[in-house]
Amino acid sequence: MASFVLKRLALMIPTLLGVSVIVFLMLKIVPGDPVNAIVPPDASESERAAVRAQLGLDKPLVVQYGIWLGRVVQGDLGDSITRRLPVTEMLLPALKNTVILTAAAAVTAFLAALVVGVFSAYYPNSRLAALFNGLSLASIGLPNFWTALILIGIFSVTLGWLPSSGMNTVGSSGAGDLIKHLVLPTAATALSSVGVMTRMVRSTVSGILKQDFIFALQAKGVRRGTILRHVLRNGMPTILNVTGLQFGALLASSVLVETVFSWPGIGQVIYQAIGQRDFPVVQAGVLVVAIAFVLLNLIVDAVHAAMDPRVRQA
Amino acid sequence: MNAILEVKALGKTFPVRNLFGRTKGGVSAVDNVSFSLGAQGTLGIVGESGCGKSTLARLLMRLIEPDAGEVNYRNRNILELSGRPLKEVRRQIQMVFQNPYSSLDPHMSVLDNVAFSLWANGVSKGEARKAAYEYLDAVGLSRTHADRMPGSLSGGQRQRVAIARALILKPEIVIADEAVSALDKSVQAQVLNLFQDLKKEFALSLLFISHDLHVVEYMSDEVMVMYLGRVVEKGPTERIFSRPAHPYTQALLASAPSLDVEQAGGAPALAGELPSPLHPPSGCRFRTRCPLATERCAQTVPALTDVGPGHQAACLLLEESRTA
Amino acid sequence: MAINAPTTSDAARLAAARREPSRAAQVWRAFARRKVAMAALGVLLLIVLACLLAPWIAPYGPTDGAVTDRLKEVGSPGHPLGTDEQGRDILSRILYGGRLSLLSGVLPVVLAGLIGGGLGVAAGYFGGWTNTIIMRALDIVFSFPAILLAIGISAALGPGIGNIIISATVVFIPPIARIAESATKEVRKEEFIEAAKTSGAGAGLIVRSHVLRNIFGKLFVFATSQIGVCLMVASGLSFLGLGVSPPTPEWGFMLNNLKQLIFVNPIVTIVPGLFIFLTSLSLNLVSDALSDALEIKR
């Protein structure tokens, strides 16, 4: 097991390097001369050249990348143009909030997919199953930012049950308030993945139900609840693996959902930075999410391997 | 006999790589194969699957590059050619492949499949198509067949198309690599007869590869028997089939299904399995299945020795009996 | 010269066979059998046509309106879909905006198809170092979460629909290239490619005449399945403000403008998103049915 994790970690390094190269290149394609942001328009050529050298822009691209990478690895992601703070200070608390949202969405999607998927597998010909099938098909085309707006429209505006923005209401604190604020964003984020996951659960459980050992259990007169336990235990590795794979997608899609709800996560930070043309923040935010994505995939792989020894042989 | 094609000591080993790309051995697919093909003759090459016949065909066409040896077409070693001269020589040696279902492009009409060879050589589309119609006609396919897609043709018809495609470049040599093996027996007969007719009409030299002894006997003037990449026997057809010298050839002939009741018994049938080409037996490669094998057979590689007019076989026992 | 001259009965059989329907007709028939897909196709065509004909059928211009008319309800007289925060007719803006939205959904896929397809075919056909370099580079891009990559590139290049199209194209190049590469590798193994080589054809001619035809089906099906996704990515970028600038209409951007007003008139704010959803859903259904229909005869 340990060797598996180490091997995966080793494979992760080129991926992370690749991610860093892409983020670095993003910085390089920003149109316009970055020198202009610092020197006044009437500056002489030598002044410009001096600033250019100071910023390290006169060195070859590969060297610039190396310098940038060195700084990033040490935790220096540059400073925000608008807030004049180190970007890392802005991002870390935001990251925590995004993780909360993503985790909640993952759990919700998992549970919903489990219930609906198992039901559809047990009663494939029922009207309800057909309805769920249609809904899950449709949900693939649902833009999550639109779903978020619809949810707000129904639950915040029309019914007034749930708040539509932020992480907590001014003046109150505690879990209850947090949960009230968490419900709608979680639902919006989860909806984008629940369709895919439901179909996976359904096909996995259907496959298991067809196997002989299920017949054997039924013939022995085992109770349905116990059979269900067997089925779930059998299917759990696959189901969890699919959920894990969706983590990454959920993480990425939370970026959009956060902007609708003004949820103070990385997505919101990136959004505001875009509006203010604060590109170092955008770049750093993208980098952090991408790294989180890669790490998440590694953890998912490791957990999957821990549960299913066959994967370790591969 | 003036040889139009002379092959000397042709060899090819496919490297086998491990996980990191390091070479950890090789499959000796073709080893030290030499033969000649006479002008307007037919040489049949026969052997079990895995003996290297198809690889040999591809080496001659340079679809795979040989590791060793020479392929002399009209006294020029084609292995040394490249660019324009290679392209010109390539036209002279064409091949009909085994699988009628994958040797034609399913998305091109039958006509275009044949005409393509000419397009590739600078002929205009119109001219190429005209020529293609003629050649399809020569193999017995009408214009209606020509305008359709390969998917709607039968296996036998597709092989005819493949033959037309091979002939359109007016080659001197045609290599038929198991060209009838995928066809029903009744259709096989038709296609074989077509080969004979076309050979006469276009003055072709034929290299006929098959695992089916009867087909080889029917088509060839001379026969070459291969085993695990090496030549074990070669000579005129009647001699090989009536007086096989090599134990492998004898066993092969004995195990071939025959309607001749008197042929039952006689030489022992083939025992055992084909050894792995990754680790062929040392010395004579046939020794693991040879009822006459001795200790010497594991130590020395037998060379081809004469056992009759134009007839050679590679067996140490035959060498011994000559020198004895 | 003919060996087997066709007989009259042959000719009759051949004539009957000539009436065999073309492949396109077969695929269409298989497709038409699925009612849901046909309905989706209808909806899709309706939306696309309506948007293309916007200058002729829209009741108002995309920027006409007075602030005094702002946020009328859906179904108000003269404004079947209501008005936006500046009093402009939403139906007209949907029609005009749809052209940009649809363009930003289709064009990146087409461009990625050409670029990614070219890269994939080159990697698949030539193998060796060409393959390694191209596919490793694409893998790196592919490992980056799509929407993030698009956001990053768009933000770097600056706002504008052209930049959205560029970043969406980059996002879709790796998956398309992968499909092209694996399809090319399969075709390369076929004997008719060997036969083409023996006739002396150069790589360019073989790729043009044989490879492209044989991979086109798979590539086309995959690309059409991605249009719906691309539409959502592009509108998402627009929603974040990375696309057009006011007052240009575009579905994602309209959603951005209207979202602040959700408490005032929730239904109106949701309308542009409805069109994104309908178009995307129809595209998914049509492309699913198309890929099923193409499976029939292969």
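Chains: A, B and C, in written order; residue numbering restarts at 1 for each.
One rule holds in what follows: a residue touches a chain if its C-beta (ideal position, glycine included) is under 8 Å from a C-beta of that chain, and two chains touch if they have at least 3 such contacts.
This one's a predicted model, so the numbers in the text were calculated from it and none came from an experiment.
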Separation of chain A from chain B in touching-chain steps, minimised, is 2
The larger set of C-beta contacts, choosing between B-C and A-C, lies at A-C
By Cα-centroid distance to the whole-protein Cα centroid, the innermost chain is C
Separation of the C-alpha centres, chain A versus chain B, in whole Å, is 59
Chain A and chain C have mean C-alpha positions lying a whole-number Å distance apart equal to 25
Chain-centre distance (mean CA atoms) for chain B and chain C, in whole Å, is 49
Residue positions on chain C within touch of chain A in the complex are 139-141, 143-149, 151-153, 155-158, 228, 232, 235-236, 239-242, 255, 259, 262-263, 266-267, 269-270, 273-274, 276-277, 280-281, 283-285
Within their complex, chain B touches chain C through residues 58, 61, 63, 87, 90-91, 93-95, 97-99, 102-108, 113, 116-117, 119-121, 134, 137-140, 142, 144-145, 148, 152, 162, 165, 169, 194, 197, 201
Residue set of chain A touching chain C in the complex reads 15, 18-19, 21-23, 26-27, 29-31, 137-138, 140-143, 145-146, 149-150, 152-153, 156-158, 164, 248-249, 251-253, 255-256, 259-260, 270-271, 273-275, 279, 282-283, 286, 289-290, 293-294
Listed in rising order, the residues of chain C that touch chain B in the complex are 1-6, 10-11, 14, 17-18, 20, 190-192, 194-202, 205, 209-210, 213-214
